[in-house]
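Two complexes follow with chain A in common, the first pairing it with chain B and the second with chain C.
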Partner chain A sequence: MRADVIIIGGGQQDAALATRLLEAGKKVLLIFEGRKSEDRSREEFRAKGGSLLAGDKVCRVDWAEDGSRVEAIYTEGLEDTALRAEAYVLCSGRFFIRGLLSEEDRVWEPVFGVDVKYLKDSSRWCDPDFFAPQPFDSFGVIPSEDCKALKDGKEVENLYVTGDILCDGIDNTEELCKRII
Partner chain B sequence: MKEFDVIIIGAGITGAGTARDCALRGLKTLLIERADIADGASGRNHGLLHSGARYAVGDPESACECIKENMILRKVASNCVEATDGLFISLPEDGLEYRDKFLKKCAEAGIHTQTLSPQKALSLEPLVNPELISAVKVPDASVDPFRLVSANVLDARLHGAEVLTQQEVTEIIKEDGRVKGLKVLDKSSGTVNTYYAHYIVNAAGIWGAKIAEMAGVHIGMLPAKGSLLVFDHRVTRMVINRCRKPANADILVPGDVVSVLGTTSDKVPFEQCDDMKVTKEEVDLLLREGCKLVPSLAQTRIIRAYAGVRPLVASDDDPSGRNVSRGIVLLDHLKRDGVDGFISITGGKLTSYRLMAEMTADLLCSKLAIKAKCHTADTPLPGSEKSVKFSSVVRKAREMKMDTSVIEAAVSRHGSQVEAMDFSGKGSELVCECEKVCRAEIAYAVKVLGVKTLDDLRRRTRVGMGPCQSSYCVEKAAKALAEELGDTSLSEELKKDYLQHRWKGIVPVCRAEQLAQAEYLRNKYGK
Partner chain C sequence: MQENNLTDFQQCLKCNICTEVCPMMEVNPDYPGPKQAGPDGERYRLKDPAFFDKSIKYCLNCKRCEVACPSGVKVGDIITRAKLRYAHPEHQLRNFALSSTDLVGGLASTFAPVANPVLGLPLTRQVMDSVVGVSSKANMPSYAEKRFEKWFSSIEETQSRYEKKVNYFHGCYVNYNYPELGQDFVKLMNACGYGVRLLDKQKCCGVAMIANGFVQQAKKAARTNLASIEKAEGPVLTTSSSCTLTLREEYEGILGQDCSAAKEKVCLAVKWLYDRIDRGEIRLAFKKGLKIKAVYHTPCHMQRMGTQFYTIELLKLIPGLELSVLEQKCCGIAGTFGFKKENYELSQKIGASLFEDIRASKAQMVITDCETCKWQIEGGTGMKVYNPITLLASVIE
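Right, the complex of A and B next:
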């Protein structure tokens, strides 16, 4: 299967972004792990002709040999069907919906394993004041100036990243739409 | 000016038990607490009713005390105790030498044991370490320490004792070398009140060292911190122990809807006792050792960590303070220091609190020349007077058109006291879904158990203590409590105080699945 843009969603802004790209004339596939959604924005995206793959999970990524590009992705539900696109957008949310995972002293992004900003020492992840900004709020995927994800410090040519998965509360939606549309 | 026969300082289990015993014997009793009931070590332990097996080899005297008290509390505090039984498992590195000695010593202490093959143990507890080479079943049990303290406080009050919380002792009044009374700061009003009594009992746990100084006597106390982890469900049916010399993280206790693993043991300075924090190293140590008992703990969500301070007492005959009395320490300060009117009760264990209270009340009665016998070994605590039949729970649920499990949960916490709850109207509204706490239980806790804050409510009803750690119910609970207190404007403050207070236990384990929950909790309430 081929699309112009595949959005790996789950995060709060995934459907709004998908709809926007769709309306700009792109063929968009939105994949997200949650159960079949009652979320109005996702339904709206589908109603407008977007492709929605709900309740499915990206389980494998084909990388270009030099690691510079994503060639295809695969989901648990579609097994060996390669899903290909000009651009992939990672918009899979934060810890609560498993866009980011953690264990002692480590935070990672599970789909592509792209570079994440976090504090190494997990005893420094929280502020003792519940109502203060928490250090873990600032953790997240580091975007390049071109809104792309980095892997081992190198920009991945066709993998964009946006939404609340980004570190430091960065909002790059406008910039990202300009680049993809 | 108010005068009492006895004023007891500290509403932990020892103070609460002593107040109850004194009140049952007809003594005019006042119980004073600087925070809330079970706020110190009494509310920060495993919730384990020891069979005594853990002490059988190293401390036979404590083992005998434990098994006797265990059997008594099963009867008189039946609604606080879950007769889970316990397993002592031997791993290959433990060998069987200790186990053999253990079996012999348990027999000597009167602790019933049953040796199980590894296969039998695994069929009873499929998640224990499959490498075990032997298991011994003992009558350990799970006890809710909050419930136990609350029931003692309630019964003390029902027998005429006065109970004051949020009262900090600021001065001990002495005249001619004799303790006469106390000056107490009422934290809610800011006023200082004076109370007089024939005797003052220091039952303040680790804080008893400071109380003793106020009375001009010295008790050599060594604060020993014990840290524990809470897992999000009942991993095992029985209490799981390691069959070896007692060490770190070798007990896992199922209690209500969660499991508690502990403990560590580290000397800490007195300054830290008011604000114990569990360190990353302690979490790691607990988890590493705990996984040897039950390997799947590595994949189980840890919902919080907490620490209590054991009030270890240096032996009076050892000036270096290195030798510690592990048993019950009852100090008659007239005999020991020449200060009359002052008694300290400390050391001991949660399991032996009733005996500690009996010993203290015996001493008080002999000093006051009152001939009244102790009845706490055969007088049930409120809620445990009679067992509530399941059929009556079902009947009540039908009558009130409620889910049976909600009334059953109230019965499991308050036993026959459930009769004092009004499930009609708003009473049937479910507030905490994890622990199944309904509005009727909250109303009861406010009216009968002296609840003022959400944390007070938590200690008496377990509201917010389940797997969701109040993410779903804190708003509802705060509103319900504010309404019951008669001031709906309190709701926001009650909620904020509670969230801040409970955050402390989440911080040390805020990673993996629990970081996901913490993020949710903050997005919902913290921003």
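Right, the complex of A and C next:
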């Protein structure tokens, strides 16, 4: 399929963003893994004619040869069906929904492997004082000024990133909508 | 049966999202819910089978819990395997009759001119209700006078003339109850320039046998089907969502069979068609001046596979079709579940909200990929329900 925008969702704001882009006349596909497919905002998106892939997972990405663009993505459920779009938006949430993954000494974003900000020294990830702000809360994907994701420090031309997956609680929704719409 | 995959249920974080999406939980306080019946219960059952709680029989195997699980736990599979391993069979005769679709379908379609009116008689329904345990209120499907396979043998010659061919796994519903769907499939494939071939030998996929605890019979059917699929040249297309899920996933997840051939070849016709249209290999010419208002109901198993995407995108191609996609809700039938006397009321309660949505839509027809959803929705709303293949076949030139 060829959409205008494919949102790799899972994060809190995925459907609200999808609906907003849909209402601006874009052809939008929202993919998300797990979580309630009955979320009201997702149902609103579905009812307005948006395409939804609930409980599915992106398992492969076709990159341009020089790695500057995403050419297509594939999901576990749709197997060999290439999903193409002008713009991809990564809005896949944080650790619980597996938008971000972690091991003892690293934190990474599993779909595109884009750059993530975190502390190298894992002994400093948590503050022993439970009620103190937790350092891991500020980990996340680093957006460029154009709201795009970075891979090895270089901006990916057609991959935007937004929502709670971002580091330091950044909210770039308005900026991102302006750029895509 | 497949051995327990210990790492699977241990991925459960106890978040209870599965409990929230379970359609049975909403209507039946006796059901402990997918978390407790699945991963939680499994811990106890592994310790001592005496912990088996028979109320897990209420699980519909709709797999909405698996779609919702953020940790990828196959909750439905865990529950089904536990049912098969520990449950004491009840209502054996009735369950055998309901799940032996080849046997019963074969008999009933042979004697269809007599069987249909007799099965429809109030007296017969009363006897079936009180003696056999099949609800007299359930919307029973009727049987075809001419089986699909028989019809197909009369046109086989025309199909062999096509250079390119696809195989068709029609399933028992098309063969015994609704051969029209198989005929529509052949018409659509022919319009795309493909001939249709049937498999060497095909049995019921076994979904009902699995649900009713007849593991050995299900395995036998699985082996026959898998052997035919392996032998088949090219793709094996299907028109039923539950058959597809069973062939591609349940044979492995529940019956422990190697279904790599099925994974490679078995494909819903809507996916096969969509992919070819998307790649520009096939172009459908639609009739002009169409004006249809329809709603699409996503069957739970379709959502589990994610393949409703193909049906919806294909339907969007039809000019003049005003389509709205209904909120995904379980219709409540769950294969043979809703036909059983003791389950009928529950099954209707689960479906009630979907029926309401459909009535409120003021659509002319409902489109869905599952035959049992079709019966349930037709019974619950009185509206006509069609498979997307039927609709596509009727709107192409």
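Note that the second predicted complex is superposed on the first by the 179 of 181 C-alpha atoms of A that agree within 3 Å, B and C clash if a C-alpha of one lies under 4 Å from a C-alpha of the other, contacts with A are read in each partner's own complex, and residues count from 1 in each chain.
One rule holds for everything that comes next: contacts are C-beta pairs under 8 Å (C-beta built on N, C-alpha and C of every residue); 3 or more make two chains touch, one makes a residue touch a chain.
It should be emphasised that the depicted structure is a prediction, and the values quoted were computed from it without experimental measurement.
The superposed arrangement places chain B and chain C next to each other on chain A without a clash.
Using the contact criterion defined above for the overlaid structures, shared-chain residue A:78 touches chain C, although it does not reach chain B. Judged by the touch definition given at the top, the superposed model places A:123 against chain B, while chain C stays out of reach. Using the contact criterion defined above for the overlaid structures, shared-chain residue A:68 touches neither chain B nor chain C, since it reaches no partner. In the superposition on chain A, contact of A:41 is made with neither chain B nor chain C.
Angle at chain A between chain B and chain C, computed from CA centres in the superposed arrangement: 80 degrees, to the nearest 10. After overlaying the two complexes on the shared chain, residue contacts for A:94 are found with chain B alone; chain C is out of touch. Once the two structures are overlaid, the count of chain A residues touched is higher for C than for its counterpart among chain B and chain C. Of all C-alpha pairs linking chain B and chain C after the chain A fit, the shortest spans 6 Å. Note: residues 96, 98 of chain A belong to the chain B contact set and to the chain C contact set alike, using the contact criterion stated above. Residues of chain A that touch chain B in their complex: 94-96, 98, 101-104, 121-123, 125-126, 128-131, 134, 136-137. Against chain A, in their complex, chain C makes its touches with residues 13, 15, 17, 20-21, 64, 66-72, 271, 274-275, 278, 303-307, 309-310, 312-313, 324-325, 327-328.
Per the touch definition, chain B reaches chain A in the complex via residues 279-280, 284, 496, 499-500, 503-504, 506-508, 510-512, 515-520, 522-523, 526.
Put simply, chain A touches chain C in their complex at residues 1, 33-38, 43, 46-47, 49, 51, 53-56, 75-78, 80-82, 96-98.
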